[in-house]
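I am attaching a structure below and will ask some questions about it afterwards.
As written, the chains take the letters A, B, C and D, and residue 1 is the first residue of each chain.
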Amino acid sequence: MPDSATLLISSPDQRGIVASLAEFIYKHNGNVLHADQHRDDGERLFFTRIEWSLDGFALDRADFWSAFQPLSDRFSMSPKLYYSTDRQRVGVFASRYQHCLMDLLQRHQIGELPCDIAFVISNHPEAADVARFFGVPFHHVPVRSESKYEAEATQLQLIADAHTDLLVLARYMQVLSPEFVAQFAGSIINVHHSFLPAFTGARPYHAAYERGVKLIGATSHYVTDALDEGPIIEQDVARISHRDQVEDLIQKGRDLEKVVLSRAVRWHLQHRILTYANKTVVFD
Amino acid sequence: MPDSATLLISSPDQRGIVASLAEFIYKHNGNVLHADQHRDDGERLFFTRIEWSLDGFALDRADFWSAFQPLSDRFSMSPKLYYSTDRQRVGVFASRYQHCLMDLLQRHQIGELPCDIAFVISNHPEAADVARFFGVPFHHVPVRSESKYEAEATQLQLIADAHTDLLVLARYMQVLSPEFVAQFAGSIINVHHSFLPAFTGARPYHAAYERGVKLIGATSHYVTDALDEGPIIEQDVARISHRDQVEDLIQKGRDLEKVVLSRAVRWHLQHRILTYANKTVVFD
Amino acid sequence: MPDSATLLISSPDQRGIVASLAEFIYKHNGNVLHADQHRDDGERLFFTRIEWSLDGFALDRADFWSAFQPLSDRFSMSPKLYYSTDRQRVGVFASRYQHCLMDLLQRHQIGELPCDIAFVISNHPEAADVARFFGVPFHHVPVRSESKYEAEATQLQLIADAHTDLLVLARYMQVLSPEFVAQFAGSIINVHHSFLPAFTGARPYHAAYERGVKLIGATSHYVTDALDEGPIIEQDVARISHRDQVEDLIQKGRDLEKVVLSRAVRWHLQHRILTYANKTVVFD
Amino acid sequence: MPDSATLLISSPDQRGIVASLAEFIYKHNGNVLHADQHRDDGERLFFTRIEWSLDGFALDRADFWSAFQPLSDRFSMSPKLYYSTDRQRVGVFASRYQHCLMDLLQRHQIGELPCDIAFVISNHPEAADVARFFGVPFHHVPVRSESKYEAEATQLQLIADAHTDLLVLARYMQVLSPEFVAQFAGSIINVHHSFLPAFTGARPYHAAYERGVKLIGATSHYVTDALDEGPIIEQDVARISHRDQVEDLIQKGRDLEKVVLSRAVRWHLQHRILTYANKTVVFD
């Protein structure tokens, strides 16, 4: 695959955006590899993702923005530009349960996730072996309620030192403070072990068992300061029956958690996701 | 298929129930066609469904209970007995949207639902044509907030006159009064157009759109006096994306509603469902 | 929704197509409602679907092609243009099993299928009642092996008389002759009751039961003269178990058949489907 | 959970089997934990799985068969007895792709698979690290076409030395000889990366891409000497679109492969599977 650039753009909806964007890429000799777009008619907003080959493209990084600015201004765009050669750095937070952590690291190992894994941070020491096996730096940062802010300060320093672009909560069982979340708005992905908005909060499998549902689910979402209420990226479900005890729900749910979390991380890394109005647009 | 009898039994869990039941059927020359059971270890309860052929069975209806009573008493059973020759009578309530009504009647027509359709009652006149096409008696019972109890009195009389065993709410958009529900505990099946417990109440597709979920669902359940909180019988989901508007959710949801409602009705008619602790055991 | 026009285009892949198309619509004052595209890198082909509002669009029907021809020539396009105001006419073929027929007609009735139903043709008389209920002309055309060509001649005349745009085989159990198919290439949609390419030919549910699969499926596809080998439009599956007998497979399969057939018909009517290399591109 | 014993029984279908079995367990003071059964009316066969607690059970291992033999003879049963305390030994064959191997070992590590992993054998050396990480003996046994039988002799010796009960082919890319398979009839589980019977043989994802299917699948099955034609244990599918290239199918398929293989292994280890007529009964 050639090196490419990707623009993710939100703007008010107006005639001529698509034509102007396509013309811009074309006149600078870019070859569009993928383009997708979405309109929200109710909100009168326009969203697009356009990826083009850099092979022969006339604008280098230094020149791009000065060339693009007039277009961006004309349509009041909020554009983000990504180069495929800028390898993103992903930090992973884990706790006692390591199935999502191991799943992510194994997917990374075989090439499913286009990024570098910057570190694993856990409030439990057990994840050290997994991190070492995959050659990822590991930091044990215990979190106790009375020293939560000190722990977060330590985490924040490690994140900064590692030049982290994306933070993935791989069944990390601590709630992050609003101050922490505010520093990484749109860059923290969590997996919750229910089909949200059902069963928010702690012990969703127990709640699902109590309610007697026939499907359990898992949800990956961006973290906001409202617990379990951030923009949903992906969800999936599995069928259960009266025979399934809570432990069976937990076991079946692990497969869902791994799948929905890894899809969300991959799509984020591929710059497929735009958020607005507490929702996501996921371009395929 | 031969004529058969089916026992649905709940009891405290004790050793020897299965052996005693099997022995009872066998010694009266019954041939077991299907048998299934479930234990709830937490609640220490035992549930079973046993169906046997009446061909050669030594006990006729008049004799059954006197023969069975000692066994039932010994294990403190709550037994229910059904004969396949007792064709159940099902009444259907509908409103403006008729896809579930038509789906049920068509399934009945081609033999998917072992019952008689006793009537269709609707608060809208439009369903009359559908009922007529399928040869089912139709009653138009308008429901207005100021005359709700009169309407329910009319409905109750029609239900009684038709010797109704099961009431199916096929997207019936009126809330039944607690008094009405109390008269048919465990014999009213509703379909709610969300994956409960998410999006209870009115306009669940609108709420799902607002929340930005990636799956929508439908749920069939027994009606209790707590709205949308009765024992869940069946659920299913469909994938949606950011491209789907509320009307798309409504359209995709119709397919879910038809499927989960018809499964619930069929399983009820086949005496596969036991309820306890606001949950269902659905024997397959 | 405003009146709109939709272009479906296949062409060799070249730089500048997207920009030129968008520019063409824009300069004639069209407002793009949806646009999607696909590249097949292996085949070096480009496919796009672009839909724009006719409100204010500067080209009327008479002028469109003369204005568009230079662009089409420049990129060697194969374009098809559809106006939303040209209501398509759909003919339905049915046989003994009428669940797909009734499902299609009911979906049409409630507005899921943007078309007119031109007629129902069946080799069995039973479908007459269904057609009459939905107000659709019905023709009983018996098909016997010794008079197959006469029957097809009758069918072809009825199709021509009704100005039919699309033919839907709703569990029509007769194989159409290659001559018949040739006249409607790309305009006949069939549903096959298996997940193709497994279980082609007759009695796929029996074959699935024999093989002991754990999933059954259904497939909608365009009809070609190779039986069950045309371009696949949609597939879906349902889980079965050892408890399911052939009749259970048939029953569960009906729900799949209805869903995959109706989706295919809707997508075709919305001009979402392009075919090439015996495959479909289905723009969402 | 208490220690338990499980009987898996096939027999001709006759009246009184269930009663006699239940009575046998009960009179020896066994407490039935789970019981399930299945009839194949066409084949006139009966299958059952019955699990009971050994706590208080009157028959020890030495006595069981002499006590059970009369019952077994009376109903011409083919019974198999398993004790939960007899930990099964599982050997895993792997090749270059290690996602299924790692998935199995991680599931074993967190308690999803009640067995010991006896060894990993691979024709590629890369799996050594994974095996070492999970503390499992690793053997590199290269397989070349000219020395296939020598390789199999080596494998057989390692299998025998390890007292292996079950062999799992975790995307092992070599075809086992009929002689090899014959020695482990019913004790080799394979995963094939398609929804069988579609796309048997090599490169099923490429074949699926060529055919243009809208769903891909994976199948776990017992290995017989007819390639990809053994009894199917489990299948699952994932949706794909025209946007998915072969590499995308391979990636999406990996998740299916892991899930269907691990379910099959778990169910086998829980003695839930009976095979007959080249099919499986999977008791839940």
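What we mean here is this: a residue touches a chain if its C-beta (ideal position, glycine included) is under 8 Å from a C-beta of that chain, and two chains touch if they have at least 3 such contacts.
Please read these numbers as outputs of a predicted model, since none were measured by experiment.
At the far end from chain C, in terms of centres built from Cα atoms, lies D. In terms of C-beta pairs in contact, A-C outnumbers the other of B-C and A-C. Per-chain CA centroids place chain A at a distance of 37 Å from chain C. Of all residues in chain A, those touching 2 or more other chains are 241, 243, 284, listed in ascending order. Per the touch definition, chain A reaches chain C in the complex via residues 15-16, 18-19, 22-23, 25-27, 29, 31-37, 39, 239. Contacts from chain D toward chain C in the complex involve residues 38, 41, 195-199, 211-215, 217, 231-237, 241-243, 245, 277-282, 284.
Those residues of chain C whose C-beta lies close enough to touch chain B in the complex are 98-99, 102, 106, 110, 112, 129, 133, 241, 243, 251, 255, 259, 284.
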